[in-house]
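There are two complexes below, and they share chain A, which is joined by chain B in the first and by chain C in the second.
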Partner chain A sequence: MSVTPEKLLVVNDLSTTFATAGGPLPAVANVSFDLMRNETIGIVGESGSGKTVLSRTIMGLQPRTNVTVTGSVLLNGSEMVGTTESFKRGLWGTEVAMVFQDPMTSLNPVMRIGKQIDETLRVRLGMSKQDAKARAIELLELVGIPSPSQRYDAFPGQLSGGMRQRVVIAIALACSPKLLMADEPTTGLDVTIQAQILNLLDELKERLHMSVVLVTHDLGVVATRTSRIVVMYAGRIVEIGSTRDVFANHRMPYTRALLESSPKVSNASHTRLITIPGRPPNLLKLTQGCSFAPRCAYASDKCHQERPELQQADQPGHSFACWNPLPITRGDSAS
Partner chain B sequence: MTDTTRPLLKVRDLKVIFGKGHHAVSAVAGVSFDIFEGETLGLVGESGCGKSTTGKALMRIVEPSSGSIELDGTDLTELKRGGRQLRNIRTRMQMIFQDPISSLNPRRRVKDIVAEPLDCWKTISGHERDVLVSDLLSKVGIDPAVYGNRYARQFSGGQCQRISIARSLAMRPKLLICDEMVSALDVSVQAQILNLLEDLKAEYGLTLLFIAHDLAVVKNVSDRVAVMYLGKICEIGPADALYEAPAHPYTKFLLGAALEADPDSPIHSQVLEGEPPSPMNPPSGCRFRTRCPKATELCASDEPLAQEVAPGHQVACHFPLSITRK
Partner chain C sequence: MLRYVIRRILMLIGIIFVISIGSFFLIHLLPGNITAVIEGPGASPENQAKLYKLLGLNRPIYEQYFVWINNILHGNLGTSFISQTSVATTIGNALPIDLEMMFLSQILAFAAAIPMAMRSARKPDGIVDRFFSAGSFTMLSVPPFIVVILLVLFVTYKLGIPHTGPSSYVSLRADLIGNLESMALPAITLALGSFVIYFRVLRSDLIATLQEEFITMARSKGISQRRIMWRHAFRPSSVALLGAAGVNIGGLLAGGFVVQYLLNIPGLGYTLIASINTDDYLLVQGIVLVVSVGVVLINFIFDFIINIVDPRISRE
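Presenting the complex of A and B:
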């Protein structure tokens, strides 16, 4: 087994389908992308676009029953799809770790935070009690928690939302993972705290030479923190490319709609927002055409009948799935 | 259009204190502002700053501890709680809440939800009532013939928020208090609701208090913006001017932390450190001084009063940032 050393993660034709009472629900369909070492990639999409299911499937965190996963996830040379849970357990923590959205529900409310970090260290790395405690305090310091040795004995409820998220990050980093999956890590936090956490993630990524997958609905979060962006709609990648290409030279109408419908601080007040009609499709009732076609201003008959595959744009690494792409608007060329 | 001479709502030194003695928390610690007829005042701040409590206190959903709230010359704080007069005046001010799904009864039909205020007040009935309800639903973009008989539980968040808006307009209120009304929605749906709100404001001649934490959303809908920190307003002014040249250090940090969907926007170099202090034990003097890089002894001893730095632009700071425009 050999894998190109620069690529830490290779996702190939990954699909996750849930069996529901209403029929098979394709939450993630035919997703392929890869991630370099020490790179941050952003996965953006609205609720129901499949971004969270995708990140959990990469981790191997799907439910045991009523789910079918096909395709391949190569993480540092190890295949995650179709392997046993005990095998995946061996990779969790040391190869890949995850930061979840809600720090209140991902921490145990009746367990001291220090113990929750210790647990990982002792089980995964076989550390002694004293060593684990010393390392846990180090980790708390690393994520910027003031007076870490006192906080070691605090319960999650005694910490603010931002501090709890720092603890969750400390747990994720406990076994020095090579890949950090961050699923909406700052949603629900105030803007000033959000800025602190995003800066922290950036700094830790550099210090610990990690790769980061940043999953979010907020385009502002990924704009300055990622080198590449994946845009998802109805379980599929509709556009992927360098952050600059996706923001400035996007070709898929949905990407443009997403960008234009979010209000901007730099716009004058009462600026009319550009909206897309309707809402994301029901994944149980997908048509054979492009999923965005019913809401798209550029849709033609072909869009309703045949699904567009990802095709290469003029910049390397930039692809989009659209029959009637937006014209190339090259304002400032990629620098 | 905005009539800047006649305030529709006059709030003076509004305080809301929860609990007693040592456990007292002053969620709103003396807030004063006017909302003029036809304008939108944005109220922005981080969680726990008291913005939602302010909104609820205006409706007397939570009881103000002191201060006055004058709507069109009537002081709401003097009216008897639960009395006829208060109920009467509430028809002229309506509130829209954050979670659109839990603010509608899932087991009621949409047209009955919208008709509820009309049935309560028995202003109109029969055919007239049905026509008005259909009209309101069409106005918010819900086809009454197709969806009128469906239950609230059958709708998505965005549609529920549309229904909430239709319900709030049934009594033809003058003032609408919107508390985080789009924060639970996806961006594409959020844009639809914000545009709808602007259209309805013009059509019904509404005056709005728009409470939200999202700086970009607040700027988009507001004529003036008030920034709250730990129970007090630290800065208030015209939306564009305040965003372009904030005078309070806190406003500047807050705007600096806002993320812009633009890869060329500068990365946060100056991040506000720490977290807001507990409102149970607020700092003496200026409430922001514990995190403010410019704080001096004066800030600890004396509370800064609101001073005017430009026409209509007030700031509560001893050392306001210079607001010379670029």
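Presenting the complex of A and C:
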């Protein structure tokens, strides 16, 4: 199978199953999507919907034991699934890199931040000590850290959360990856810092010609920054389409529930947010039907018995998995 | 960091002061009259009273303490009434033997414990880990005096190398090879006990550290497993190891006497037992003081190392 040059990432029928004491746990099931060069795609869903596992599986960073991955991930023409750690190691950093969720835990607390950036440059690119240090300081400057040559010697504990996340981004960018996986990059940060970090990612993406997979539970984050959105529920894609279609013409009730539960500027102050009743399903006890059915206002008997597959919507590239889709004429009431 | 060190040094001085008072009064708690011991059996009460006065024992106790501490600060621990030799000289001859024994045993213990813990932690509950853990647990349950006897039996009967005899110890200055031969068994015995502690502490901390997000992050950089273990996991996992080492090494300084006694190594522990048997009060007092200060100093040094290894500790 060959990849057309425009597609940097092709994910096909990807499933990740953890072996647990309670039986197999399908954290990601039958996920397929692709990503163009220089494109940003958003993966959204509640906590526990499989977003993080999906992004790690794409990168091949799943735990080493008690996990089964099937399907295919073609990254710039290289198959990631079923390959050895040492093969993937050759792609990590240079082809794909990840910005982790919580900068409080993703940096080594007892290693100076400069050394943590250097390391990648020296090990992966074979740079000399001096060159790596100079480049590391450049990177710190690139991600907007003031007085970078002094910060080079700082320990993570001496930096604020926002600064640490900038360092994490600098590490991810060190070897100029073609694909950046950003796993909830702003969840651990103050609201005021969130926009700064997201804008920084946007700007760097343009400057460095990267593709970005932006994983988040916050639809407000992806609204203006992505060209397409993948909506996940219980490890499966339930709706996928262009950002405009997902916001304006969504067909899956879960997507609407997600949209309605995110705060909007146009709301009057103290508007009560609409929440989604119930909680995400226990992945060990999935039924044969649609996983969202128990929480869905539109659920019929069929929904409880048979799982809907993704079906094509009117607009090209827009699909949804629902037996009782919302009517098309919803217009642009949301967002 | 500097403030932390200064605070610790002040604390250290306070602790040593308390220790000095403790070891001074320790002697006064002992039953019996010192003058009777010195004069030997059949001493006349007049002579005893004269000696009592000569030794300054009739002066107030706090005055006695200040005379004593002043002498100690000038390196004078007194002269033994039994052997008529300077206590400081006796200790000065014995202490290097303890230090060497400790040094050798700790090198062996760390050299075995660190790589084995690394290997175990990579696959917890794997075959290698189970083997190492079971082995270390077995050793943990065998006390050193049994280990020593088993080792001696093994070396003499199985390997056919003659060992022991009262004068088996060879000093380092006399003969390096002979010295290492005579030190091998005590060092190995103490190393086994230390190894078990270090292996178990480091293994469990490594396993915990390897679950951390920053390890996954290090993995995502595309660096080797080996580098992740040594550069990223080892240092944050070694705080408890260093803490355990500080306590353990202090314990060896104070508690190595069983091994020394069984193997005729004339270190501090051996000398201490001998001096207790001969009622050599001043020597007992001197050794207790040196060992206590040593234990405190060792703990201080390890505290300091821990702070360098994990800068988060002194920052809060």
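In this section, the second predicted complex is superposed on the first by the 321 of 335 C-alpha atoms of A that agree within 3 Å, B and C clash if a C-alpha of one lies under 4 Å from a C-alpha of the other, contacts with A are read in each partner's own complex, and residues count from 1 in each chain.
Operating definition for what follows: a contact is a pair of C-beta atoms (placed from the backbone, for glycine too) under 8 Å apart; a residue touches a chain by one contact, two chains touch by 3 or more.
Fair warning: this is a prediction, and the values are worked out from it, not measured in the lab.
J.: Using the overlay on chain A, decide if chain B and chain C clash or can fit next to each other.
T.: Chain B/chain C on chain A - fit side by side.
J.: Is A:261 in contact with chain B, with chain C, with both, or with neither (first, second, both, neither)?
T.: The answer is first: A:261 touches chain B but not chain C.
J.: Taking the superposition on A as described, I'd like to know which of chain B and chain C A:93 touches: first, second, both or neither.
T.: second
J.: May I ask you to name which of chain B and chain C touches more residues of chain A?
T.: Of chain B and chain C, B contacts more residues of chain A.
J.: After the superposition on A, what does A:220 contact: first (chain B), second (chain C), both or neither?
T.: first
J.: Please work out whether A:120 is in contact with chain B alone, chain C alone, both, or neither, and reply first, second, both or neither.
T.: second
J.: Scan A:109 for contacts with chain B and chain C and give back first, second, both or neither.
T.: So A:109 only meets chain C here.
J.: First (chain B), second (chain C), both or neither: which does A:285 touch?
T.: neither
J.: Using the touch definition from the top, say if A:273 reaches chain B (first), chain C (second), both or neither.
T.: A:273 contacts chain B only, not chain C.
J.: Check the superposed model and tell me the shortest C-alpha distance between chain B and chain C, rounded to whole Å.
T.: The answer is 12 Å, the least C-alpha separation in the overlay.
J.: Both chain B and chain C contact which residues of chain A?
T.: Looking at chain A, the two contact sets are disjoint.
J.: Going by the contact rule at the top, pick out the chain B residues touching chain A in the complex.
T.: Result: residues 46-47, 156, 158, 186-192, 194-195, 198, 213-217, 219-223, 239-240, 243, 253-263, 265-268, 271-273, 275 of chain B touch chain A.
J.: Please name which positions on chain C make contact with chain A in the complex.
T.: Spelled out, the residues of chain C in touch with chain A are 212-214, 216-225, 227, 231-232, 235-236, 309-312, 315.
J.: Under the definition above, what is the set of chain A residues touching chain C in their complex?
T.: 59, 61, 85, 88-94, 97-98, 100-102, 105-111, 119-120, 123-124, 155, 157-158, 168, 171, 174-175
J.: Within the complex, which stretch of chain A touches chain B?
T.: Answer in residue numbers: 46-47, 160-163, 190-196, 198-199, 217-221, 223-224, 243-244, 247-248, 257-259, 261-277, 279-280.
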